[in-house]
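What follows is a set of structures to go through.
You will see two complexes here that share chain A, one where it goes with chain B and one where it goes with chain C.
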Partner chain A sequence: MIRIKGLSFRYSGGVKNALSDISLDIGKGDFLGIIGASGAGKSTLTYAINGVVPHYIRGDFYGEVVVSGLDTVKAGPETLARHVGSVLQDIDGQMVSSVVEDELLFGLENFGVPHGEIESRIEESLAAAGISELRSRDIGTLSGGQKQKVAIAAIMALRPEIIVLDEPTGELDPQSSRRVFETLRSLNEENGVTIVVVEQKIMLLCEFAGRLAVMSGGKLISEGRVKDVLMDADKLEGAGVNIPRVATLARLLRKKGLYSGDTPADLRQAEAMMREVLSDAAV
Partner chain B sequence: MLRFENVFFYRESANTISEVSFDLREGEFAALIGENGAGKSTLCRLCNGLLKPASGRVTVCGHDTATVSTSRIARDTGFLFQNPDMQLCQNTVYGEIMFGLEYALSDPEERKRRTGEILELFSLDGGRDPFSMSRGERQHVALASILACKPRLLILDEPTTGLDYRECVTIMGIISRLHSDGTTILMVSHDMEVVADFAVRALVLSKGRLIADGPVRQIMKDKKVLDEASLLPPQIPALAMLIGGDFSDVLTADEMAETAERAVRQKGARK
Partner chain C sequence: MKGFFGYNPGNSILHRLNPLTKIVISIGLCLSCFLTRSHIVILAVIAFNLLLSASAVGLKRSLKMLLSLVKFSAVLFVVQVFFVKQGNVLLRLPPGVIYITDKGVLFSLLFALRLIAAAMPLSAMLSVTRISDISNVFVRSLRIPYKYAFVITTAIRFIPLFSEEMTNIMEAQTARGVQFDTKNFLKKIRLLLPLCVPLLISSVRKIEGGAISAELRGFNLRKRTSGYKTYPFGWSDAAALAVCGLIVALTVFV
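And then the complex of A and B:
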């Protein structure tokens, strides 16, 4: 679905590469989380997937990015937009309308979707984002979490195969952050949409993403299934990324010789780990 | 140090505060927690007189915010906004810190000396333009500029939002040192791990009301209170609640590993 090969990018005027020799394959239906310290190149990587780099942001581009069979350098962002939907870091900068329904209409009309189809697309995508009741609300009166879902619904209405999101929960409280990720999970599982999401909240990624990519200084330093990536806590720490507390706990239990299994990624797995440790105690 | 007595506040552009009373003593480190829209930022602005209560009374270091000027209160109270760009206004880091000291220190030589000290303490390059820095770095500058004035009470509105882990550790390290040196701290935070790691007392706000006020250790395990405030406990206390028994008092990963080790040993010994 997305194939990145030997990608390096340097912003024009930049002194060093924002991305250095990145190779990464993202399969159809994947849910990939990207994490790393600020300045690690996470946003730039999302720009390379949706074609903002090198089309809108100029610089030296080496290597190859192929999205849905299209070479991003040749295809251009307008063509790519039909395959990749993007939700920006600055959500207010993304909204163009004052009413929720109009926000969805804007994209649909721009894409030339036939009139007969528009109503059903709006209904479907609002329902998929869980915000049908917000349809005629003024965007200015919505909470941060609600706005985030409107942005996702507006992108969903265009039926992209891939959605790329840059820190969608940056300003949200823990409950609203979870709801955004639950929305992404249902799009991923029920509609088969490939999700690529940059996120600082490691606990959310560990719980919801299937795979994790860790970036540091423009390089991809680790990539794979969540539990495999979590095994190398020192490497993550070196990249300025923390691991969830349950993974820290697994590390401590291993050191004490009480546990030797997989690193738990979430609470449910951590409970299983603790039960195992304590049942050994009963033997 | 900071006292709220039956405070009410209502305005269309801000969230409501109803019937809030608490007393923060000198040297305490309290976290103010609650979901988006619970009124946390409004409460912070009531602390330093940026907003005045509709009824009830707020006193900071003995000054009633309704009658004493905001600039007088600012002499004792440092306020770090959620978004550092709301307080940075100079085009060099040096200028930013000098600007913040204008009211605190009247002697320009004294100001220069203090600015030099702070730049060194925070390992900051005074010549840099804050707006070319990352959000974490800008937050760092904003905090340095506030601490230059040596506040007795520090109010922090989500100091770690938008920061990466390393920046978060740096900022919280500074705040934690200030607390050890006796500064009183009131910190709004969504990050329950940060709250559990650093704060001692927790004030829980829900729909403008203070629904709980107690030790962090206790509140992090109070399912009823957390549910009512739409908060999730940090991972380790949540796990401790699932396991129960000897684990129900556990707050950190270290404590949990030690408790598990003890349980394993005891059972081994009994066998």
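And then the complex of A and C:
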């Protein structure tokens, strides 16, 4: 679905490569999380996938990125946009309308979706994002989590095969963050959409993502199934990623055969896990 | 500001009129108060405007809007009234050179009333019409290129975002011990000036992000007929335009 081969990129005016020699394959239906310290090149990597780089932001581009069979350098960004939907890092800046419904209409109108189909697409994607009741609200009056869902719904309405999101929970509280990821999960599982999401909250990625890519200083230093990537604690520590202790604990308990549930995502769930393990041990 | 320009959701007759009709009517009502020199007629137009606005967004909100306009034009009245020197002196202030004349009062009153009567229909129009509908109808019916309409609606949309950004930056500076609540105006300007740079940078970033997001959603593919919403011209539009035409005609002849 997405094949990145030997990709390096330097912003024009930049002193060093924002991405250096990245190779990564993302399969159809994958749910990939990208994590790494600030400035690691996460946003730039998403730009390489949706064609922002090198079409809208210029620089030295080496290597090859193929998305849905299209070479991103040769295919126009508009052609690419029919396959990849993007939610950018700055949530307020990327809205183009003042009313929720118009935000969804914008892309639908531009891509020439038949007018008879538009109404059902709007209803469907609002419902899928769980924000049907916000349809005629003023975007300026929405909370951060609601805005985030509007951005996701606006992309979903275009029915891309791939959705790329850059820190969609950046300004959200833990609860809204979870809800955004639950929306992504249902898109991934029910509609088979390939999800690529940059996220700092490792607990969320542990719970929702299938695969994890760790970036540091423009390099991809680790990539694979979430549990495999979490094994190499030193490498992650070096990349400025903190492995959650509960995740380490859950992994240990699982290895010892004492626990078989989900990795706890917060302290309350961690407590529940420990209670379960301890009560089992007492029997 | 938000109260004056903001859209007020609703489903009144005015809300449902064609956006173009509403624009023509509000311009017509604006003009009508410049076509007459009679205070009474302008007062009547103001009353009509108030009625119109109340029917769409409620009396309370309409009165609030009227009150803020009255305050604003009261200030202008006071400034203006000292500048007209013709006519009979009504009041002379102590030093002797500053005085108020009857002509001055009448002229300034006319000026203030006109200001109120001209601003009301515009504000009312904006409170019952979405900016997006205005821009859509401009593109569709008046064949304004979408790019220009988009730039203007974006600019309007960014105003509250900028002020929010400014508040954020000021709060960050306040946390670092800068005291913005000084009474000294010059000092305040001196404190605020350096904030323009970060504001500008973050604004440019926001706009850049907006442009990229728009292009990723097919901005360049858009054609004049891409718009989904249509704005039919109905009987109620014709009736509203006729009423408006009548009022303009009345102000000319009365």
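As a convention for this text, the second predicted complex is superposed on the first by the 248 of 283 C-alpha atoms of A that agree within 3 Å, B and C clash if a C-alpha of one lies under 4 Å from a C-alpha of the other, contacts with A are read in each partner's own complex, and residues count from 1 in each chain.
The rule we apply is simple: a residue touches a chain if its C-beta (ideal position, glycine included) is under 8 Å from a C-beta of that chain, and two chains touch if they have at least 3 such contacts.
Here the structure is a predicted model, which is why all the values come from computation and not from measurement.
Is A:R245 in contact with chain B, with chain C, with both, or with neither (first, second, both, neither)?
first
Pick one for A:A270: touches chain B only (first), chain C only (second), both, or neither.
Once the two structures are laid over each other on A, A:A270 reaches chain B alone.
With the two complexes superposed on chain A, say which partner A:N50 touches: chain B (first), chain C (second), both, or neither.
Second partner only, chain C.
Looking at the overlay, what does A:L105 touch: chain B (first), chain C (second), both, or neither?
Second partner only, chain C.
Considering only touches as defined above, state whether A:V96 meets chain B (first), chain C (second), both or neither.
A:V96 contacts chain C only, not chain B.
Applying the document's definition of touch, where does A:S86 land relative to chain B and chain C: first, second, both, or neither?
After superposing on A, A:S86 lies in contact with chain C but is clear of chain B.
Once chain A of both complexes is superposed, is A:Y11 in touch with chain B (first), chain C (second), both, or neither?
neither
Now for A:A154: first (chain B), second (chain C), both, or neither, which partner does it touch?
The second partner, chain C, only.
Where on chain C is chain A touching in the complex?
For chain C paired with chain A, touching residues are 7, 9, 130-132, 150, 153-154, 157, 160-161, 205-222, 226-229.
Which chain B residues qualify as touching chain A in the complex?
Residues 35-37, 134-136, 161-167, 190, 192-193, 230-232, 234-236, 238-239, 242-243, 247, 253-254, 256-257, 260-261, 263-264, 266-268.
Along chain A, where are the residues that touch chain B in the complex?
These residues of chain A touch chain B: 36-39, 143-145, 170-176, 178, 200, 202-203, 240-242, 244-246, 248-249, 252-253, 256, 258, 267, 270-271, 274-275, 277-278, 280-282.
What part of chain A is in contact with chain C in the complex they form?
Residues in contact with chain C: 50-52, 56-57, 77-78, 81, 85-86, 88-90, 92-99, 102, 105-112, 115, 118, 136, 138, 140, 154, 158.
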